[in-house]
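Below you'll find a set of structures to go through.
Below, subunit A partners subunit B and then partners subunit C, in two separate complexes.
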Partner chain A sequence: MVTATSTSPARRNHASRSPWFHVVMVPFTILWLAPILFVVLVALRNFDDIAARGLGALPASLSLDGFAGALADGRVGRALVNSAIVTVFTVVASLALASAAAYALSRFHVPLRRTILLVMLAGNLLPPQILLIPVSRITQDLGIYDTLTALVIVQVGFGLGFYTFVLHGFMRSLPGEIFEAALLDGSGPARTFWSIVLPLCRPALAALTALATTWIFNDLIWAMTVLRTEAQFPVTAALLNLQGGFSNSWNVIAAGSLVAAVPTAIVFFVFQKQFVSGLLVGSNK
Partner chain B sequence: MSTPPFSRRSFLLGAASLTTVPLLASCVGTGADGGAGGGTTALTLQSWIQDAGPKAALESVVAAFDGPPVTLNSVATEQFRAQLSTYLTSATPPDVLGWYAGSVANSYADEGLLLDVSDLWAPGGACANFSDALRALSTGADGKAIFVPQNYYWWSIFYKKSAFQQWGVQPPKTWDEFIALCDTLKARGIHPLTNGIGSTAWMSAGWFDYLNLRINGAGYHRELLAGKHSFEDPQVTAVLEQYARLVPYFHPNQTSWDAQQAVTPMVNNEAAMYLVGAFCTEYFPADQRDDLDFFSVPTIDPSVPSAEEAPTDGFFAAAGSQNPEGAKQLLSYLASAPAQQSFIEKSGSSNLPTSPDVDTSTFSPLVQKGITLLNETAEITQFFNRDSSDALQTTADAALTQFIANPSDIRGTQRQWQQAAQQVFSS
Partner chain C sequence: MTTMQRAPAGAAPSTRGTRDRRRGGPLRRVPLLVWMFLLVPLAVELFWVFWPAMNSFSLSFTSWKGVGAAKPVGLENYQRLAADPIFHTALRNNVIWVVGFGGLSVVGGLALAVALNRPGRGVGFYRSAIYLPMVISLAVTGLFWRVMYQPDGPIDAGLGVLGLDWLQRQWLADPDTALYAVLIAAVWRQVGYIMVLYLAGLKGTDPTLEEAAAVDGANAWQRFWRIVMPQLRGVNTVVFAVTVIDSLRTFDIVWAMTRGGPYNTTQLLSTYMFQQAFTVVNLGYGSAIAVVIFLLAIAFIITYLARQARAEES
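Here is the complex of A and B:
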C-alpha cells in the first residue's frame, strides 16, 4: 500500500512533464477554443465587412458595433436579469426540495420509497419535447402562463427527480453511526437534517448547484413553452430574437452570445472544482 | 483544513449574493408590470418581425398608436411559426398577430381562430380602398375578411448597375437574351447567378415559382400548389427542364450558403445576378445599396400573361381576443396610410405599402420601380409556401435540392416530389 501511494504521484509528475502531453494537448486546446475565437472575431467586425467578405474571413475592420447593437435597447440586459431570477429561484427551490425528499427517502422507512424514487427518475428519462404542449396548456389553465413563476415551477418540477436521485445516493452513503450518535444526543429528524445531513452533503449540493445553474441558465425550450411576452424572455430566447427573419447582423448575434456566456463562465470559475467532482457524484459508491 | 480555499469562494459567493439583491427587487418590479398588463383594455401585438430595421420601425409605429396601451412582443420568426397555433388556441391569445396573407391565414380562419374584420373592408373602413387582389387575398373561404395587409415586397432578379456597366452588359429583355447573358458572363469567369439554398433551402423554390409562372402561368401555378395537378405533369417537366439549363450558371457554393451569404460574391463582383425578394437590400453593405437595380424574370412564352411574386405581410386578430374592438382599432391604425408610410420610411427595407393613399413620391427609386412592376403585371402570386403550406414547402425543398445536385434525373425528381406532396395533401 505504502509503495503504491508513494509511486503514483511520482509517476503522475513524470507524465505531466513529458513533452508528448503538450504536443497532443496544445492542438486539442486550440481546436476547442477555435469556435470561441471565431465568435469573438465575428463580434468585433462590422456589418459591411461581414457582408462584403463573408463570415469566415479574417477581420478587416475592428469595431464594437456588435456589442453596441446587442446591448443597445437593453433587451439582452433585461433578459440576463430574467435569466438570473429564474436560475436563482429554481436552484434554491429545487435543491431545498430535493434534499428534503432525499433525506426522507434515504433515512426513513417511507412506504414505497423505492417506487417513489424510480418514478421520479423515470420522469427524467422522458424526453421533454413530448411534454411541451401539455405543459403549455396546464400553465394556461392554472393562469400562470407567461410568468417567470411558471418557468420556475416547470424547471423545479423537471429537475427535482435527478437532484433527488443524486442526493439520495449521497445521503445513503453517510455512515449510520453519525445518525445513531445524533439520536442519542437527542437530536430530532429536523435538527439532524439541518445540522448534520446538509453540512455533510455540501460537496454534493455544491456540485448540483453548479450543474443546475448552467442547465437552467442555458435552457431555451421551457422558456419558449411557457413565456410569450418579450419582456419576460430569458437570455437564451433573447439571443434567438437577435436573429432576423430574412437577414442577420452576425456581429450583433456574436456579441450577444458572448455577453450571454459571461454569467455561465463566472459560475464555472467559481465552482470549477465542484464541476469536476459533480461529474463523479454517485459514480464511486 | 478546507478553510483557506473556502474563503476565496465565499468571497465570490458573497459578491454574487450582493448582485442578486437588485435582481430580487427587479423581480418584484416585473411581477407588478405583468399584473398591470393583464387588464381588459390593454392589447398584445405578437410580431414575427426580427430584422433590425423593420422591427424598430414597427416599434415606433406602435408607440404612436392613439388607443389602448399595446404590448409589442417580437418573437424569433421560426419560433413564431412553430408557436402560432398555440398562440391562437390559447385561452388568452394575443389580440393582434402579424403573419402572412393567403393560405396560412385562411387555414386558421377555417378553424374559426381568426376574428372577422369585414367591417374594416366595408366602405369607410381602413382597408376599403385597397386593391381587389388584396381583398381577395384577405378573404377566407366563407367570404369574411380575416386579414389586414400592411406591406408587401416583390421578387425579381437583382443586379448591381456598376457591375453591369463595368462588364459592358445590359439587363436582358427576353429569355434567350438572359441565357446569352449568362453564357457571356460565365465565359468571362463570372458566376452569372447566385443563390443560398443551404440553411434556406426554400430559396430554391423562387426559381421554380418564376419558371412555372412564365411557362405555365399563374392559374396553373396556384392549382398545382393547391394539389389540383400532379408534380408529375408534363408542365412541371417543362419547368424543370428550364431549371436544369440554369443549374450550371449558379455559383457552385450556393448549397453551403444561406440567402444572406449568397450576396457576398455579388458584393465582390464575382457573381452577377440574384433572384430574391426585395428584402435583399438589407444584405448589402450600406454603400452598395443605391447601386442595386433589378429586372423581372424575362418572358419565356409570350402567350402567358405576366405574373410576379409579391408576398404580402400584415396582421390578423385572434377570435378569442379579450378586447375585439380594441384589436380592430389597432388593425385599422396599422392599415392606415400614415402608419404604413411611417413604417416603410423607418424600416429602411424595400417594402411597398398596401394602402393606395400612401404618398410614395419620397420612396427610393428602387421601391418606385417595384411599385410600377407590380402595378403593371397581370397576376400576383405570393411565394411557394404562402400559396400552399409550410408542409408542401418542405417537399419542394427536398425535391429541388436533390434536383439541383442531379439535374439530369427530372422524371425521378418529379415522381418523388409527387409522392411526398401526396402525403401532405392526404394528411
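Here is the complex of A and C:
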C-alpha cells in the first residue's frame, strides 16, 4: 500500500506534496516499526537458532517454541486474566464515579465547584511516588494488600480526577434546553442523569474508555506497590518476572512481550479515533 | 453564551422562570442525591490520593522500617539526601532525562506533525505507525528494547553491516551509554503522543496567515517560525508541562530495562525512591525522595492547572 502511494503520480489536492515525502517516510516508518518487527522475528525463532547465530541474525528457523514457553506454565495466561479483570473493573468504576461527579459539578450550583474540580484534577497530576508508601500501608491496614481489589481501588482513586475533569467539560457543553425540558417533564436528577446525560456523553465516554483501558492495562507501578504474590500479578509485572526466570531464552521473553502487547494494540486499531480524541480532550488541544 | 443562545428562542415565561431560578445564586438547593453523586467520588479521591500524599510528607520526617512506630528524626532524611551520591546521580539523570526525553520527543513529534499535517495518500498509515508504540506498555517497551540492545542483537548487527563495528558495545551494561539507551526507548514511545497534540494544534492555526506570508515572500522556514509557531503557544505550554511531569514520573521503562543499574548509572529519582521504599524498606528516606519529586513537579502541575482553569472559563 505504501509503495503504491510513492509511485503513483501526484494528483488531487495534495499535488503540492513533494515526491521526496514518501521517499523519506517509507524507510522512516519501517525503521520506526523495526523494534516491533524484530521482536516478532525473535519470538518466531527457536532457542538453538538464537544461541548459534545471535539475536541480530535473520531467522533460520520458524517455530512457536517461544510462545509455547511463555504460555506453558500458565503464568502469562493467568496474568493476562488478572490484567483483564483489573482493567474492566477499574474502567467501569472510574467512569461511573467520574460521570456522577462531573454531572453534579457541571449542572448544579454546588458551592466552590470550580475549586473542587481543579483540586480533583490536581490529584491526578501528582507524581505517584508521593502516594506509594502510604497507599501500600493503607491497603495492608485494610487487609486488602496483595489482592486485585486493592489494585482496582487504588487506580480508580488516582484516575478519577482526570476523568471527572474531561467529562465535566463535555457535560457543560450540552445544551441547557435539554435539561429544562427534562425538568418540565418532571424528571428528577437521577433519571435525567441516567436517561439523558449518559447517552449524550457516549462519545466522551468512548474516548475515555479507550484511553483508560490502555493506561490501566499497561500499569506497572501500582501493581508493584500493592501486590506481592505472583499469582495476583497483571501481565506487565509477570513479564518482568518471566524475564528473570528465562534470562537467556529471548524467544520466550519476546513471545511473552508480544502476547502482553496484543490486547492494547487491538484496542488501538479498533478504537484509534476514540483513542486519539481521548488524548486530546485531556490536553484541551 | 448560553444566555445568548436562549434569548431569541422566545422561551415561554415558565421556562424563563425556571432558568432564573436555576441561575438564582448560591442559595439554589442542590438535591441530596446530587450531593452524593459528588461526595462519594470526592471521598474516594481524598482517601486514596490526598490523604496518602499528606502522609508522605509527615513520613519524610521519620525513620521507619515498616514495623513498630515511626521514629521522628526531623530533617535528618533531607540532610542525608544532600550528602547521598546516588541521590545526586539520580537528580542529575533526571535533569538529563527532562532535557533529552523532552527535547527529542518534542522535536520529533513536532517535525512529524508538520510533515503529516496535510491529509494525503499514505498519511493515515504513517500516522498510525508512529502512534503504535504509544499503546505498548512502558514495561513491554523496555523488554522490546532490551532485545534490540543485546550484545549480539539487531543494533549491534546493524552497526556491523554498516561497517561501524567500533560503535558496537553492550549498550545497557555500559555505564556510559545505559541511560541514553533507555532514554531512546522512552522517546520512541512518547513521540506519537506529542505528535497527536501538535497535529491538533496545527489544525487550529489559520492557513490564510501563512498564505499571506508566502505571498510576501517568506520562505517555509520563516513561515513556520514566525507565523505557525506563535499560534502554537497554547499547545507548547501543555506539551512542556506534560513532558516535565512525565519525566519526573518515569519509572516503568527504567525498571524494566536496567533497574537503575549498572552501578546506579541509570537511577532516576523515581527508581531510587522505589528501591529505598520497597527493596531496602527505608520508608522515611523513600518518602523524603518522594517529597523532592513532588516539589520539583509542583510548579509544572500549577502551570498545567492554570491553563486548564483558563480554558474552563472561556
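Here, the second predicted complex is superposed on the first by the 252 of 285 C-alpha atoms of A that agree within 3 Å, B and C clash if a C-alpha of one lies under 4 Å from a C-alpha of the other, contacts with A are read in each partner's own complex, and residues count from 1 in each chain.
Assume a contact is a pair of C-beta atoms (placed from the backbone, for glycine too) under 8 Å apart; a residue touches a chain by one contact, two chains touch by 3 or more.
Only a predicted model underlies this, so the values are computations on that prediction, with no experimental measurement involved.
With the C-alpha superposition on subunit A as described, subunit C and subunit B clash in the combined arrangement. Residue contacts after overlaying the shared chain place A:W194 against neither subunit B nor subunit C. Of the two partner chains placed by superposition, only subunit B is touched by A:A84; subunit C is not.
Using the contact criterion defined above for the overlaid structures, shared-chain residue A:V154 touches subunit C, although it does not reach subunit B.
After overlaying the two complexes on the shared chain, residue contacts for A:I133 are found with subunit B and with subunit C alike.
Within the superposed three-chain model, A:L240 lies in touch with subunit B and with subunit C [touch as defined at top].
By the touch criterion defined above, A:L55 reaches both subunit B and subunit C. With both structures placed on the common chain, the touch criterion links A:V276 to subunit C but leaves subunit B unconnected. Measured by the number of subunit A residues touched, the leading partner among subunit B and subunit C is C. Within the superposed three-chain model, A:I116 lies in touch with subunit C and out of touch with subunit B [touch as defined at top]. Two complexes overlaid on chain A leave one subunit C stretch from 163-171, 181-189, 199-207 or 217-225 clashing with subunit B, and it is 163-171.
Residue overlap on subunit A between its contacts with subunit B in one complex and with subunit C in the other: 54-55, 133, 136, 224, 237, 240, 243. Residues 5, 9, 12-13, 16, 20, 23-24, 26-27, 30-31, 33-34, 37, 44, 46, 48-52, 71-77, 79, 83, 86-87, 90-92, 94, 259-261, 263-264, 267-268, 277, 279-280, 282-287 of subunit B are the ones that touch subunit A when the two sit in their complex. Interface of subunit A with subunit B (complex): residues 47-48, 51-55, 69, 81-82, 84-85, 88, 133, 136, 140-141, 145-148, 224, 228-232, 237, 240-249, 252, 266, 270, 273.
Partner subunit C is touched in their complex by these residues of subunit A: 1-2, 5-6, 8, 14, 17, 21-22, 25, 29, 32-36, 38-39, 42, 54-57, 97-98, 100-101, 103-105, 108-111, 114, 116-118, 120-138, 153-154, 156-158, 160-161, 164-165, 169, 175-177, 180, 183-184, 188-190, 193, 214, 217-221, 224-225, 236-237, 239-240, 243, 250, 253-254, 256-257, 260-261, 264-265, 267-269, 272, 275-276, 279-280, 283-285.
Per the touch definition, subunit C reaches subunit A in the complex via residues 2, 5-6, 9, 14-15, 18-19, 22, 25-26, 28, 30-31, 33-35, 37-38, 40-42, 44-45, 47-53, 55-56, 59, 115, 118-122, 125-126, 128-133, 135-140, 143-148, 150, 152-158, 160, 188, 193, 196-197, 200-201, 204, 234-235, 238, 242, 245, 248-249, 251-252, 255-256, 269-270, 273-274, 277-278, 283, 286-287, 289-291, 293-294, 297, 301, 304-305, 307-309, 311-312.
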